[in-house]
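Read through the structures below before going on.
Here come two complexes built around subunit A, the first alongside subunit B, the second alongside subunit C.
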Partner chain A sequence: MTAPETMMRRIADPAARPDPYPLYEELRRTPVARQDDGVYTVSTYWEIRSLLNDPRVSSQTRPPLVPTPSGARSMLRLDPAEHDRVRRIVTRPFGPPHTPRRVFEMRRGMADTVRGLLDAFADKDQADIVDDFAYPFPISVICRLFGVPVEDEPRFHLWTESLLGAADFGAEHKPDPHLLDPDAAKIEMGGYLAELFDKHRKDPGDDMFSALAVDDGPDGRLTPPEQVATGFLLLIAGHETTVNLITNGVLTLLRHPQELKRLKDDPDLAVPMIEELLRYEPPVQYLPNRRTMDAVEVAGTVIPKDTDVNLMLAAGNRDPRRFPDADRFVPDRGDVEHLGFGNGVHYCFGAPLARLETRIALTEFARRVKGPELVADPPPYRVNPVLRGPRHLPVAYRGVRS
Partner chain B sequence: MSAERIDRVVIVGASLAGLRAAEALRDEGFTGRLTLIGDEPEPAYDRPPLSKQVLLGQVAADATALPLARDVDAQWRLGTAATGLDLDGRTVLLADGSKVPFDRLLIATGTRARPWANEAEAALEGVLTLRTSADAGRLAALLDAKPRRVLVVGAGFTGSEIASACRERGIDVTVAERGPAPLVGALGGVIGEAAARLQRAHGVDLRCGVTVTSLEGDEAGRLCRAHLSDGTVLEADVAVVALGAIRNTGWLEGSGLAAGPRGIAADAACRAFDHNGIATDDIFVAGDVARMPHALFGYQFLSLEHWGNAVEQARLAAHNMLCASRDRRPHLWIPAFWSSQFGVNIKSIGVPTMGDEVVVTQGALEDDRFVAVYGHRGRVIAAVSFDHGRWLDFYRCLIESAAPFPPEFAGVDRPPPGTVPVPACFPDPSVPSHGPTVTVSGYAPSERRITFTPAPA
Partner chain C sequence: MRLVVDLNRCQGYAQCAFLGPDVFRLHGEESLLYDPVVGAEKRDQVLAAAAACPVGAILVDGPGVREVDAVVG
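== the complex of A and B ==
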């Protein structure tokens, strides 16, 4: 007899990717559960939230999902006070109080990019929302924001896919033959970023990487290895997740045609709708990177010291104790404090940017694309169970409004 | 619903607590006649921005209106003060001579700024207090006129926030504080020291251990200088008197309620006590004007001048005045408030003023980024953070579970080993100062039984 499959293995199984929510429901029956391999899963809303704000839980003690070069860690894998210092430095050229208008001022460029991508829909009657829309849009945004030459995009596309595709999630799956060996990808991308920061140091532009390379705030400057680690994080976190949010958004709207129509008639609905989307189909399904530094009691269970913990954001987002009708997509539920961007000190750095990008993408899609319909439901998914999203999303339509 | 029909609910005090109670009453299904009586002429507005965004010119003084979360279908009697309460006749008396009958009354009359004691000096142009939106409008206009120097009298939260706004606008400011440090009444001397450093680092001329003895005007009746107890004379065009608050209970004198300068005593269900210490069944209290016992803090009476407290008690009072007696809920809210000053977000949870000792548990005092925990007889009673507010939920759990003090745990951003608790250094509460925003006032609802006579404020 084979050992019963652990819940984490069942979740990691690519077959579960299109609809992992019944597994999460099962998981929530034991809010804090010890898996066979000793990892604890936490799957209910309040318990996840409390651990995200618990100083006894570390992000630093587990090896990085994406190994960073040169030993420097990104803020994602640092604990306070080090984390806070790095995050303050990286926030300086990005948001308030020092640079309050950076994201807002990108909206026009974003709208132009989306317009161009949707204009290209006009020549066809079917498009892949991933390859033709959700993927190229955020890439062009972060290239502009960070100061990455757009023509280099295919290279770091390959690197990030190779890194993310290779991460071990406990499920057996065939690696994509087009991808690089992850170590090679890591070294190549690290070298590329080091060179890019060098270039910006010598000839700074008004982009974020230039600011990180040359500006000094009250906390000083990141070391060159820290700059590279930050570059890695920003490029990966700033892209893959947004692709999935936009794609999940289109998918969800096509599964709820009445909501698509409402959005078309009332573009302001996008604001609460995106929050609901981050609850209902969060691009980051769980955080596999926490570890206890002390014994922690949650919901009557003591997680021992030095234990790995998976915080199941997507399960918490559907916790019926927190959200009435949790399995329904309700774009204007008023009370929607989801865990899609995490919580606590690591709360998503790029949230304002991701919200604006997704808002422009979804409102324009709703307004312009006539009679869109899913070609396949469910669509094919990527293997990664953490950064979950469709690999392709073919959509048929009957023309594009101008 | 209780057996008695409740057709008329009257709320006196149409500000934060009054408004939230009105909403909650309708949410709870009350369909009868609802009357809100408020002495301020304008619709309810929010006060925290008055010492922050308004003074920075980011928000106009008359633009902090509190939005109603729902239609409350009420009679509004704004610009009319309540002047008396007839307990037996269940009637509120108004300044215009009218009488408003009720089945249930909520008292939410809050506090007002403690004025400068010398009336002639208080009347000088350039001398003011800060409690209302009109006050904030005047102060903002005075700051716009680029005064040579602003004097802030009292370094509690309001005074410190005003000083912070002045510095952010490049205006010279002197803060005079009777105690040894800013915020000392609310947070004690150890954290007060951190606040003092913060003020000085931002260019505040901070003078502790002194009082302002007199304010002097020129011939036109404008403030021109101030005299301090250490003999110094200070040139200033503006003096903001920030010496704490006085509870608006004067209108209840002689009513038979346990109302006095420390507020109106109530039980944990928000029911006001009469002067015999017996809970009334039809009079409820909420917000800054209330003081009530709290199970987690030894059932001592707490007066909390906190935004969150007003909201919480308002909801609780609304629920408890409509429900059957066995469905009443107790006031179990853990006191919490925030302040922003000198670029630092300060948050507090629990009752720091009860703390005997304090210890830094995360971060470092000298970085102005830390969490400090207060202990009372060996248990955790409060926590205060500077730019570390995200952790406070963890500390709330420690307070709720009466965790042992000092808390021992392995975690992130812990101070070096050997960091030990030190005395929290609260000033003797009998020494008058600007007053903390939480006061703990013993056990008895009315200190003197039967012959209750409120002391003058």
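== the complex of A and C ==
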């Protein structure tokens, strides 16, 4: 086994952000590789998928990227059976079997929000797809769903940016002077969420956070610190990723104008196209949060017990042994069981919501915006290598259809 | 249109029941119930559910996803 010693550092380098895929290709030459700091990377499709379903691989033993002040853990950082208990409680006000229509019934409100955002495009001939479209849309959706006052958005925007921007991925980069110290952001956001849950406990509304604060199902209720940990996770996971999927979608369509035209003519194409996007440009590039609880053999290599493992989802998604023509964007490839939402017990909780949001955003963009073109390619990217996506995506166009 | 869920593959992720609530229902935490024949007005729900299933367990006849004929003859 030849260890590609500096691979994770090269991936973390902001210069690699616009196109990390050649690095992933290099990484796949050693499907299970030990890095110089002792962390193992796993970068081929079947090997990643098997570890995502392996009970010897834990999500609980590595320290959380965003530790909550109370020390309680969210489901993302718990193993079964504790994980399953928390996930069942949080699913109760969100989806089937208890609340089967909640996400589905949000379609109309989502379409209204998207319509309003695109109407505002009509006054100009250039827009930033991030700031004017992909960012505000999911925020309004999750604020309504969770019961977070939308006017508080600028505050938790600053907190999440400060937390995510600061996470240390081993690359040299200057911290953004507009951001808070990550510990301060953590404490402020924790305090804000504790107050919000208190408020919902006293005066519950028809939203998910209220249900988490007051409802008892067969598994009982989350403790107040668990509620805060869940709030952190839902606000961050429910937003940053969706922004990046919508933005990556517009970027990819503008790089493939014939596919944009196909989508405009056939809105049904959005359904398989979104799966292909989750394969081709996944918003979560890798999972830096697993650790072995036992020695695990994969692809002929033994990963020792108590070893940190990075599961390289974006590399597995382009594994040519799994997907023919893996580096091509093929919206109707049919066989597209990607790893973009993970797999196994932690399979993305919000996937149905993200799919609906992205579908509405991309079909409406294709239908309404006339003659869209990229102003800069590649666009500027955020520094975070895990939650990867453009910081801005300026697009010029020639008007908006009604 | 006809559909079949390969219940050996299905792992109860419930993605189908979120996106096609008029066709797919979870009974308790584990078991999935669905309508094997649905009218055209629910086609959209079926296609969205089939595309979202993380293990490709939903087979549909008609354009778009997979051939059901191989399974039900």
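Note that in this section the second predicted complex is superposed on the first by the 397 of 402 C-alpha atoms of A that agree within 3 Å, B and C clash if a C-alpha of one lies under 4 Å from a C-alpha of the other, contacts with A are read in each partner's own complex, and residues count from 1 in each chain.
Everything that follows uses one rule, which is that a contact is a pair of C-beta atoms (placed from the backbone, for glycine too) under 8 Å apart; a residue touches a chain by one contact, two chains touch by 3 or more.
It should be emphasised that the depicted structure is a prediction, and the values quoted were computed from it without experimental measurement.
Enquirer: Is A:58 touching the first partner subunit B, the second partner subunit C, both, or neither of them?
Expert: first
Enquirer: Please work out whether A:50 is in contact with subunit B alone, subunit C alone, both, or neither, and reply first, second, both or neither.
Expert: After superposing on A, A:50 lies in contact with subunit B but is clear of subunit C.
Enquirer: Touch check for A:294: first (subunit B), second (subunit C), both, or neither?
Expert: Once the two structures are laid over each other on A, A:294 reaches subunit B alone.
Enquirer: Figure out whether A:177 sits in contact with subunit B (first) or subunit C (second), or with both, or with neither.
Expert: In the superposition, A:177 touches no partner, neither subunit B nor subunit C.
Enquirer: In this superposition, which partner touches a larger number of subunit A residues, subunit B or subunit C?
Expert: C
Enquirer: Look at A:103 in the shared chain and tell me whether it touches subunit B only, subunit C only, both, or neither; answer first, second, both or neither.
Expert: A:103 contacts subunit C only, not subunit B.
Enquirer: Quick check for you: in the superposed arrangement, does A:268 touch first (subunit B), second (subunit C), both or neither?
Expert: Only subunit C; A:268 stays clear of subunit B.
Enquirer: In the overlaid three-chain picture, which partner chain does A:305 touch, first (subunit B) or second (subunit C), both, or neither?
Expert: A:305: touches subunit B, not subunit C.
Enquirer: In the overlay, answer first, second, both or neither for which of subunit B and subunit C A:355 touches.
Expert: second
Enquirer: Which partner chains sit in contact with A:80 here, subunit B, subunit C, both or neither? Use first/second/both/neither.
Expert: In the superposed model, A:80 contacts subunit B only, not subunit C.
Enquirer: Can you pull the subunit A residues that subunit B and subunit C both touch?
Expert: 97
Enquirer: Give every residue of subunit A touching subunit B within the complex, in rising order.
Expert: Interface residues on the subunit A side: 49-50, 53-58, 60, 79-81, 84, 97, 293-294, 305, 344-345.
Enquirer: Using the touch rule from the top, collect the residues of subunit B that touch subunit A in their complex.
Expert: 343, 361-363, 367, 369, 390-391, 393-394, 397, 409-414
Enquirer: Going by the contact rule at the top, pick out the subunit C residues touching subunit A in the complex.
Expert: Touching subunit A: residues 13-15, 17-19, 21, 25-29, 44, 47-48, 51-52, 54-56, 64-66 of subunit C.
Enquirer: State the interface residues of subunit A toward subunit C in the complex, per the touch definition above.
Expert: So the residues of subunit A in touch with subunit C come to 88, 95-97, 100-101, 103-104, 268, 271-272, 274-275, 334-335, 337, 341, 343, 347, 351-352, 355-356, 359.
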